[in-house]
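Okay, so chain A shows up in both of these, paired with chain B first and chain C after.
On to the complex of A and B.
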């Protein structure tokens, strides 16, 4: 009998499902908690369903989807040792986020870089940021959703109207972000904006003024609001290192004492630096795949949008890790998908859904070409 | 539900964390291998579909020293035409700026052209406006685009619905000799003026100023006697005809489709 070699997709999916079950079974054996047993059943089944059936039905990119599902499962498991009910709530949030991901994947197939798209998304994005600026008591984090909308508007303007109008929209969003005190988001947005401008229109006459404008806005904001550089949080490098290579059942004192523990720190405390670092490294294939999707996209809008999504996710991961290990003096953004904030999680899943949708559209276009070539032969 | 004793759990907990780290490493490796394998497969598919993602080709009717006549470029659905190497269509000709115009394919309309600020383009001799929202004449199958000194003819793959010519439905031949083998009536083809004469008519040269004749000293030319060549001279070898650009099978079927 000939031995058939399993595909990398099958291996990845199998290993991810098995590991996600083990992540909940081991803490469940400690206390015999019903919720954790339920999660050990629900999370792998959900991953299997979304990674195979939904990806097949909606023609989503399986690699991006499976990696995203795995990171979501790790985020749920970060709560498993200390708070099973919070883990269940986070699992339900991720499940609802899958619907948001599907909406993004379906929406992007019919979305074009029309003026209507640009105006609507730019208006909604700036409205969200302006609402936060006008009512600082608003505790809902709307920045993620606003950035997702503004990214669509920016790339749409960039591909249809040209770089100047896109740069003005981006700079307006940057100024608003700095005004409401979202320094890290503004930094990420400014870098993404400049790199996208460079990718779409590499003329120095466009890129250099944009770069100068971004630096000027940052300098002005720093002069106006000198306290915008945030001190490192309690969970710093020393506390992360104290978790050790493989972690422990209880969180180290520095991490447990922090009020709002980021999921990455919680993950490091429970499962160790090794596991958390390898999980963060999974953003590398995600970014590589997204870049590949951007390169093969047929329209400039989809290409710019896919590249913008990749840049936002990669930069957020990079800055999150730098801040977690005290390389730069900010409290740092959460890693993508490893966040306990529901709007942020949904907005990131929406962006990933759009990336999956662009990839599915590329595949459909290529299949059409192959069909035409077959007819010609 | 089921739980284990603390002693067993302590061993299990430490062992499981190492297993988790090992699995995470495997997942990372599998993801990278998966990405690499699919990228390789996609490259193979693109290699087998050389025209994938393009709507037609632009054939150079007149170019420059760096752009020979007869050169053809595959035209993507969207892009920038200019003399810069980073452009989607690179036209190194005098009068073509670094990023001259944007083009995008619109289903049902054709290839829409939008020149950049300060750049000019002509479609079948008609200048293209740059104003947003203006319904410009799109580039259709057989249209000639002029940018700078270059003239490029568009040849679409899906030309049946985007042709420059207007066809009328064929009229069956009603003559008494109609039958098998009899010549069929050819449908009249209405050819617009732009298709008949895609090149803009050059304006007539201005009349030369009538200047009074002046006396010019002329030099008498006396031809030297030509010596007869010996008959034993070998005939000059004929220069081989310039090789036509080789076209693959895929390009040939595209031409068939476009016809």
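On to the complex of A and C.
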């Protein structure tokens, strides 16, 4: 990497680290809380370590990694004003999530679209969903992890075996998601697999029946389980708007009164609508960078997997924002990485790790090509 | 593979457009909930040939001393409305004959 190319990245990384320090230092100076001082030290150091050293050592995509780190830092800061202990716990969860991200990045470099990969990941994914269906008392959210595994299985089957076996696996997962009552996740999954089938195959004879099958599964689920529906929105848009443009130290009444405050609402309450909007805008470069990784990948498997990850993250962002701002009057999913649910956070970081790993593999392939071209001269 | 890549590019373009559409919809919903009119935002911008201070011409429909921009916008940003005072006759630079004592 040339010096001129590295300096804007260093400036961006430096600015992000400085801002993250300020996010915790300002409330720390206000309250004098030791936990906030600790966070003001831990979070920027963690970002520096992960964003520079680990990214270089494991050849992870810098932009995707830094944007993800910044979003995680913002999520930790959302807790800092009202509950520093919860902020510290979330920071530790994010720190452990970085390990999961690294695992994803390393795993994808050696993973291929073999039958073993397809069978193992499909089996594990369906087992997780079936386990949730057989024991409804299981309170641990397993959907995120199951979807990550099923995405690997789907793209592996799509690239190796063809669209039909992939479609069957995807539809089975869709039916299970609807059976366990995860309607939102089923909707995201259904759209993702339809778009992936269109993108990877493109033949109408495959896409149209798959779309029809997805709609049929949804229709069948609503007929068999009439009580199944998406929950209406618990908090109103007025509570978000009452936070104002710049927010406040204490959460507005409407947000604070909610039983389980979503992290995005907490963020809006403390930092205001402008900051929350700018944070939401960060998902755009994250998604676009992911799609460029998908386009430049060498193998169909990595290409489809990268695009599938981008679709899942982007659709979750769209629905999360549309529901948070009551464009769709339902209770929506948490935004990616802005979730207090540990399994969901780790599964999203695992997917992002795989995306970073695919980007690293692309760079390695390009370097090999350059080396071969040099030898051929 | 080439066709797949072109479809991926199409998908990425669709995602970018969808993202911007989502942002516009959410912003519109926020503005609607906060009762902020878009036309009131344009009144904040400086207009060429028009002074920022409240109009003192006889054609003005608002009386001097009242704010032109809606108070709800200022309330929403939690900033006090800027105090506006009617300029003393003769100190204003407008060529309005009512206040222009020197015929300029």
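The working rule: the second predicted complex is superposed on the first by the 367 of 377 C-alpha atoms of A that agree within 3 Å, B and C clash if a C-alpha of one lies under 4 Å from a C-alpha of the other, contacts with A are read in each partner's own complex, and residues count from 1 in each chain.
Assume a contact is a pair of C-beta atoms (placed from the backbone, for glycine too) under 8 Å apart; a residue touches a chain by one contact, two chains touch by 3 or more.
Since this is a predicted model, take the numbers as computed values, not measurements.
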Partner chain(s) touched by A:369 [first = chain B, second = chain C, both, neither]: first
Which superposed partner A:300 touches (first chain B, second chain C, both, neither): both
Partner chain(s) touched by A:281 [first = chain B, second = chain C, both, neither]: both
Touching partner for A:195 - first (chain B), second (chain C), both, neither: second
Touched partner set for A:84, first chain B, second chain C, both or neither: neither
Most chain A residues touched (candidates chain B, chain C): B
Touching partner for A:327 - first (chain B), second (chain C), both, neither: second
Chain B versus chain C as contact partner of A:18, first or second or both or neither: first
First (chain B), second (chain C), both or neither touched by A:163: neither
Which of chain B and chain C A:262 touches, first, second, both or neither: neither
Set of chain A residues, in rising order, touched by both chain B and chain C: 202, 245-246, 281, 284, 288, 292, 300
Chain B-facing residues of chain A, complex: 7-9, 11-12, 15-16, 18-19, 22-23, 26, 28-34, 37, 63, 67, 70, 159, 161, 201-203, 245-247, 249, 271-272, 274-275, 278-279, 281-282, 284-285, 288-289, 292, 296, 298-300, 365-366, 369-370, 373, 376-377
Interfacial residue positions of chain A with respect to chain C in the complex: 195, 198-200, 202, 237-238, 240-241, 244-246, 273, 277, 280-281, 283-284, 287-288, 291-292, 294-295, 300, 303-304, 307, 310-311, 314, 317-318, 321-322, 324-327
Touching residues on chain C, where the partner in the complex is chain A: 1, 3-5, 7-12, 15-16, 18-20, 22-23, 25-27, 29-30, 33-34, 76-78
In the complex, chain B residues that touch chain A: 1-4, 9, 12-14, 16-21, 23-28, 30-35, 37-39, 42, 45-46, 48-49, 51-53, 76-79, 86, 98-99, 132, 250, 253-254, 256-257
